[in-house]
Every structure is written in C-alpha cells, then in structure tokens.
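To keep things simple, chains are lettered A, B and C as they appear, and every chain counts its residues starting from 1.
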Amino acid sequence: MKRKKKLYLLGDILGILAAAIVFIVPFVFMLVNALKERREANLLSIGLPKETHWENFIEVFKANDYQILTAFKNSGLLVVGSVLILIVVGSMGGYVLQRRKDSVMGIMNSLIMAGLMVPAAILPTIWVLQKLHLYKTIGGMILVEVALQIPFTIMLFRGFMSSIPIELEEAGYMDGCSRWKIFTTIIFPLLKPVTSTVIILNAVTIFNDFTNPLYFLPGSENATVQLTLYNFMGQYSSSYNMLFADVILITVPMLLLFIFFNKRIVDGMVAGAVKG
Amino acid sequence: MKKKIVAVFLCAAMVTGMAAGCGSSSDKKSETSADGNETTELTLLIDTDVTIAGFEAVAAKAEEEIGIKVKIETRPGGADGDNIVKTRLASGDMADLCLYNSGALLNALNPEEYFLDISGEDFVSRIDDNYKSAVSVGDKVFGVPYQSSQAEGIVYSKTLYEKYNLEVPKTWDEFLANCDVLKENKETAILGTFADSWTAQVPFLGDAYNLQQSDPEFAEKFDAGEAKWATTPAALRSFEKLADTTQYYNEDYLATTYDDGCDIMANGEAGHWFILSQALSNIYELYGDQVNDLGVFAVPGDSADDNGITLWYPAALYGNKNSDKTDAILKFMEFYLSDEALDAYSEAVLPDGPYCVKDYEMPDNAYDAVANDIQAYFESGKNAPALEYISQVKGADCPAICQELGSGQTTAQEAAQKYDKDCEKQATQLGLNW
Amino acid sequence: MERKKIYSNWFIVPAMVIFTVFFLLPMVISFFFSMTVWDFNSFTFCGFDNFKTFFSDTSLSSSIKNTLIYAILTCGLKLILAFFLAVFLTSKIKTKNFLRSVVFFPNLISTIAVGITFCALMHPSKGLINQVITMLGGTGVDWLGNTKTALYAVILTDVWKGVGVATVIFIAGMQSIDKTYYEAASIDGATGWEQLKAITVPLSRPAMNSVIILAFISGMRTFDLIWAMTGGGPGYVTEVMASTVYKQYAAGFYGLSTAGNVIMFILIAILAFPLQKFLLSREVD
C-alpha cells in the first residue's frame, strides 16, 4: 500500500510537470508578452517583461474607437440568445427523439445527425437570411448558430434522457398531468447536469466562432470579439504585445464561465456523449 | 507596426473628437461649408494594409470645405478581405465608398452591377489615361486613384552595394551575379517575406515591362484565350525568374512578414527585396532618413539596352451605385482629385511614385529612391503598367502559386500551367469564351 | 401503447423548423447552385463543369489527401492521448481536479488566438520551441515554413487544443464503470495493466466511439486553425478541403465553391456514416 501511495505521488509530480510544459507554458507566454513593450514582445521570448505595460490593455480597449466594447455586447447577446434557444428546443427535441422510436422520429434523427457531420452551405444560407430580412441582424445570426449547434445539443440531451427511468413520466401521466407539464415539471429539472454541459460547450463554441459571424454579420457595428482579434491580426501584425493583450481580454469571459461550470461538465458528458 | 498603431489611434482620437464635438460643431459647419449644406456622412470600406494618414488628411479637409465627413470601416486584407468585399456587394450591403484594386481584380467584381459610373463627370478628365482604362469597363469609368502609383521592382541596400563594390544590374544575369557575391559573403542576398504571400508575387508580376517588350501582344491574346503562360516563352520567363530567386532567400523567409521586411531592409540586413515601392513610406515612418540608404531598380530583363520598370497602379475609391448619397459621393470624388486634396495628401504621406492625375507634379521632397531612381525610368519613358492593368484576367490564386514556386516546390513550367488553370476559372466566371 | 399520448410530436417541431430553414434548406439549394456559374444575383447553368474543374485541379486532389491525413492523425492522436490522460486523471492522484481543468483549458481559447500563439512559438529563429531545441543541442525546424512539417505542425496544435474535450468524454465514460469490476479483478490478482485491458478498454467503448466520431468529423471539416496558422501555405501543402472551398468562395467563384461544398459533403458522408455504423455494431457485441 505504501508503494502505491508513492506511485501516486510520483504521478502527481510528473503530471504537474508535464502539464506545466505542455499546457501552462503557452499561457504564460501570452501573458508575459501582453505586458511588454512592442519591440521586446516581438522578440517572442518567455522572459518576464523589463517593465510591465498594463496600458496595453487600455490601448486594446481604445483601439478602433472602442470597438471591443461593442464587440463584447454583440458577442454577449449572441451567446446568451443562442444558448437559451438551444436549451429550450434541444431539450424538447432530445426528449421526444429518445422516447419515441417510430419511423418519423427515425427520419428526424438521421437528418439531425447528418447535421453533425455535414459542413454548412454558406452562400445559400445568406440567400435565405436575406429573403427573411434577417441578414446582418443579431437575430438572424442567433438562429444560424442555433441551427448549427442543434445536432450536438440534441445528441447530448437525447443521450442523457436514456438514463432517466421512463416510469417517472408514466406515473405523471397516470396522475393526469398534461404532456407539457410532464416535460416541464418532471423531466426538465432532471436534465440539469446535461444542461450545464450544453451551456458551457455551446457558449464556448459560439463565443469563439469566427467564421460564421464573418459571413453572416458584416459591418463594424456588428463585430464580435473574434472579429476584433482578426482585425488586430491585420493591424498589429508585428505588435505581439497588443495581439496577446486582446487574446487575454477575450478569453476571460469563457474562463469565468468555465470556473463556474467546471464540475458539471463531466456529469453531463457521462450520459450525453457516452451513452448517446 | 508603429505607423499603423499611430494611424489607428489618430483615427480613434479623431472620431471620438468628432463625436464629442458634434453638437456644437454641426451648426458651425453649415456656415462654413461652401453651399451651406449640413454635414453629410459617408462610409468607406477600407483594408487594414494601406496607409490611411494621407486619406485622413484629405478627409479632414473635405469636412471643412465641402461638408462631407467620411467614416472608415476596416476590413482585413488578402483573401478574407476580397471575400468581405464580394459578399457585401453581392448582398447589397456595401458602404458608400469602397477601396479596391484597379485593373483585372476590379473587373472580377463585376463593377457595372455595383459601382457608380462616373464617366459623365467633368473631374474624370483629370485622371491619367492609362489609369483611367484600369478603372474602366467598356465606356464606363468607376474609380478615382487613392494614392500615388508605385514601382514594382527591387529595393536594394546601397550600403551593402558599396561594401561589396556592386553595380546596379542591367540584366538578369548581372543581378544573379550580384546575388552570388552577397551570398558568398554570408549576407542575405534576397529578402523573402513570404509570410505575407502577396509579396511572393512581386518577382513575377514585376517582370511585366520585360514581358511586354518581348511580346507586346501577349495581354491581348491572353484575354482572347489564345496565348497561355506555359506556352509563351516570354511569359514563362517571368516564372523562371521567380524560380531563380529560390536559392538566395533568408533562412526564415516563409515566416518573415512584410512588416519584418521593412525593419530588415532599413537596418541594411539584406541586399535586395522584391517589393512595391510603398515599402519606402513604411520604412520612412519607422526610421526616418535611413530610407535614403535604399535605392530602387527594375526587375532586369535579358538585354542591357532595354531596362524599364513595372508600374503598379494604386487602388481606387469606388462609389456604391445603390447608395442614397450618390451626390455626396460624386462631390467627394471630385474634391479628392483637386489640387488642394492632393497637396493635403502628399503633405501627410510622401509619394511612392508619380501620381495618376494629369498636371500634378510630384513634391520635390520625395525620398531619394523615388526622386532619383524611379523618376529616371519616367523621364526616359521606360515604364509599363503591370499586366493586370492591361489584361482583364488575373488568377485569384496567384499568391499561393508564386509562394509554391518561390519556395522551390514546383518548377516554372508547372507553376505556369497551374496559373493558366487558375486564370481559366476566372475567365469562366467573367463569362469569357476560352 | 400509450407512448404516443405522452410524447407529442410537437416537441420536436421548434428544433426542426430552425434546423430546416437555416441548415437543410440551404444545403438543398446548394446542390442546385453547384451546377451554375453564380454571382449571387444571376446564374448560368453549366452542368457538371464545376465538378470537372475541381477534379482536374491538382491542388484539390492534394487537399483531399491532406484532409484525410489531418482527420486520421488528429483523431488517432486525440484518442490515444485522451485515453491515457483519462486513465491518469481518474486515478487516485491528488491534483486530478486541477489537472483536469488545465487539460480542458485550451478548449476555451478561440482558434484564432491559438493560431497566433503557436505561430509565435513555432517561429523558426525566435520561437520558443526552436530555442529549446537548440539549447538541448539539436537544430531547429522551420515548423510552418518547411513543406514537410507544416501540416504536422498544425495537426499537433489541433491535438493540443482538442485533447481536452476527448479527455473529458473518456473521464465521463470511465467514471460510469462499476467499481466492483476492478475490486473483483484485483482480488483475482490482475495487474493494473491487465485491468486496463480487460475492464477499462471494453467498458469505455461508447466513450471511445464518441471521441472517434467527433474528432474525425471535426478533422474533416477543419478550417479555422489552418487559416490562422498557414492560410493553406506554403504553396498548397496545408490546403484542406474547407480552405479550398473558402478560397474559391473568396475569389468570387460562388458556383465553384458551392460545388466544392457538395464534394466535401459527399466525401464526409461516405466516410463518416459507415464508420459510425461500424463502431456502433462493435458496441453491441
């Protein structure tokens, strides 16, 4: 037993060491360079800055007429809107898809799973958005993100549903609950663990999405945070201090979300992706 | 890059200043503007790679004089930028003004559909005729030149040339001999900045003068689908020259960016750089008079007697046909071509070559390389526009093809064939019958 | 049965409506436009010309090859690394919660940011990676510039970024394995390695299948990271299908680009669906 304990301690040490090299070094690298002066940052070394330039962050805020503030607002709306819709439609969809196994649901199921694999057709999507007068609006962008994330979300919910005993609903039905009530009062509360997983994974994906806003949400007043970073790549191609300061600023919200939901990610995955 | 940061902050400061001063200044404006109109605001879509200091100087003047304020929207350069321009045009969402290449690339935008035809305006007569044809499709004219024209040639380090007793080469072989000398002495003979893949095209595109001298009808035949790059010896030669450069590049040329290149040249750390002469402005902004340690010569041909330079025409400002402010757009364009505006522009940014406006002289304080080297090619009449300003078709994948050839992955022949294929796609899209 | 009464079809309608309008419909339309020369406002029908152009283009055939290399390698590496990471992170080490967060963390950063950072780390002369190599006495590699290493450098970055999600899926799978199996096995005197082979591997198969499918598909569709790190270059050595499609699109060849989209769709479908079938059939055994 003593030998085993030593082994685990060794594991701890090795694990921390490996994690430090492979995963922590890049972050330290970003952070120290975000605090350097331009020329020093462009040497791309991981040494501590000679002087710390916190004002880099302020400059990032000021750049392009405080564009990053607008961008945070847009990205925030986009993430909150999409994730809320995804939770509602995804949980309802996953629920019936798992419980009903008739041919209609079979077709729906394969269609949705196809969406997991197939890349989106971009130009025709713009065409559709225009016909609906949704092009260039946050609303339209939200709906596109929802459409793109529905397959994965439903997969998670559907997988999780299989771990919920069917007797619960049958009991509810016997008691005379309506279908809607069965879902909202019995099922949905039980979906809490997987809902957390859905929130964090979708929020990260949508917040970090760069390609789709590039297509569907043009215009500087519509910029999202990833687009500001992309603009920065052009403007500050040799000012790594500004680039990394921007990177750090736009990573913070996801980091906070992660710290908040961290513990629940695994719980949701257990049933969602593993049993799905 | 410093100049860009400065420009951005100036821009930010200006815009915030304007916004803050808006309430009080708008009534003042209507008094001062020539015909008593309120300030009109136009939007301009511009890429982040161009210098905007000159434009801003003009825009500030325009607000004062004609009551038109221009709000800048930025987009990335390169393929993503093209994409944004094309998508926004196609979806009817273009800004009032749009900055975009002239020549074949303009042609690929299908300008008749989207841009304001200015051929009926008086001010068009001020535009240089060659340039005018580069911003025209048929009888319709669409754009006014954004900045001065540039040379597409070789920037070289006079310091290194003196150190090793080199002379400006008149033929391609002499040029390679110079490179060999530099290489033997462990200097970087040719600076490659292929991380910005557009720079990889310069040895190839900059050879246009030589191509047009040895095969004057190539452009025409090429547009008609009769001549191909791979089967026309004079055209293939341009690719061969690019292939020749492969062995002379700096070690990390595939990771070196255009901005890095400016630093390297300014510090005399490389002998030659195939680039547009706009690099001189960038170096000037960073290093001041050190820019005069640099000279420019043309991509040499095969005969010493006929040595001429390739001109790269500036991008143009185009008006959005579907804007509801077309009057203001025209007025702004007219102003942009006025002597007053040109003075304001060249006061802020020195020219990288002659202007594309008739009867407008270059200011005499230009950099040595522009005032002496480039000017000489003009006085002797030995210059020609790059092929994309004469021909209708430029392949969209030119940067990648050149990058591939320049890094020694393909032969000149293979690259030429690839480029022919690439042009064919463009021709199909344009509805040409090849 | 009563099932139909409890579970109304209406529940799936909101999801299906959004999914159909913004995903399926554009996809169907794309089949039509892939056979045209299209500039968004007008189109000319051109039959299968776009497909012919695509297949006669040498850069496309190499992009299909690159896509497959990318998908298979990222998938394989993530699978193996994530499996052992998960075994390690479900063991009794004290720092497992901290390490789990660390491994997952790269997933929170946007691909563009990861691209910028690794381009800097892999810079041939100034980059940290090469400096360490030189310090240890080796010679640095021009990771993204050398035509032989560029694709693999991007693949490794992708693995770095994506291994966290795969690990979490595995952890989830391993945690749901009944502990009594291990207890029984160790009473029978099975070594750790034997337990791993006889219990962990077969019982985490559902998790493994999820990892394979998700990693493989995201590998096939990869775009952002390639675009941020190499833009498909130098030349065409890191060009993948999605970037080829994007380049045609950026050039304004909308019909051609849509055709590329359709080719990509078909290719993914003929690889991914059988793969999934195969994996599921093994799961039942």
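In the analysis below, contacts are C-beta pairs under 8 Å (C-beta built on N, C-alpha and C of every residue); 3 or more make two chains touch, one makes a residue touch a chain.
Keep in mind that what you see is a predicted model, and the values were worked out from it rather than measured.
Asks: Starting from the Cα centroid of chain C, hunt down the chain whose centroid lies farthest away.
Replies: B
Asks: In terms of C-beta pairs in contact, which of A-B and B-C ranks higher?
Replies: Top pair by contacting C-beta pairs is B-C.
Asks: With chain centres taken as the means of their Cα atoms, state the distance from chain A to chain C in Å.
Replies: Spacing between the chain centres: roughly 16 Å.
Asks: If you average the CA atoms of chain B and of chain C, how far apart do the two points sit, in angstrom?
Replies: Going by mean C-alpha positions, chain B sits 39 Å from chain C.
Asks: Considering chain A alone, which of its residues make contact with at least two other chains?
Replies: In chain A, residues 230, 233 touch at least two other chains, as defined above.
Asks: Identify all positions of chain C at which a residue touches two or more other chains, and write them in rising order.
Replies: Within chain C, the residues that touch at least two other chains are 40, 123, 249, 254.
Asks: Would you please write down the residue numbers of chain B that are in contact with two or more other chains?
Replies: Expected reply: 80, 91.
Asks: Please output the residues of chain B touching chain C within their complex, sorted ascending.
Replies: Listed in rising order, the residues are 78-80, 82-83, 86, 90-91, 108-110, 113, 194, 197, 251-255, 396-397, 400-401, 403-405, 407, 409-410, 418, 421, 424-426, 428-429, 431.
Asks: In their complex, what parts of chain C are in touch with chain B?
Replies: 37, 39-41, 44, 46, 49, 53, 56-59, 119, 123-125, 142, 144-147, 231-237, 246-254, 256
Asks: Within the complex, which stretch of chain C touches chain A?
Replies: Against chain A, the touching part of chain C is residues 2-9, 11-12, 14-16, 18-19, 21-27, 29-30, 33, 38, 40, 88, 91-95, 99-113, 116-118, 120-121, 123, 126-128, 131, 160, 165, 168-169, 171-173, 175-176, 204, 206-207, 210, 214, 217, 220-221, 223-224, 228, 242, 249, 254, 257-258, 261, 264-265, 268-269, 272-273.
Asks: Show which residues of chain B lie in contact with chain A when the two form their complex.
Replies: Those residues of chain B that touch chain A are 1-2, 4-5, 8-9, 11-12, 15-16, 47-49, 73-77, 80, 84, 87-88, 91, 93, 257-260, 263.
Asks: Looking at the complex, which residues from chain A come into contact with chain C?
Replies: Chain A residues touching chain C: 8, 11-12, 15-16, 19, 22-27, 29-30, 33, 43-46, 85, 88-90, 92-93, 95-97, 99-100, 104-105, 108, 111-112, 114-125, 127-129, 132, 143-144, 146-148, 150-151, 154, 169-170, 173, 179, 182-183, 201, 204, 207-208, 210-211, 226, 229-230, 233, 240, 243-244, 247, 250-251, 254-255, 258, 262, 265-267, 269-270, 272-276.
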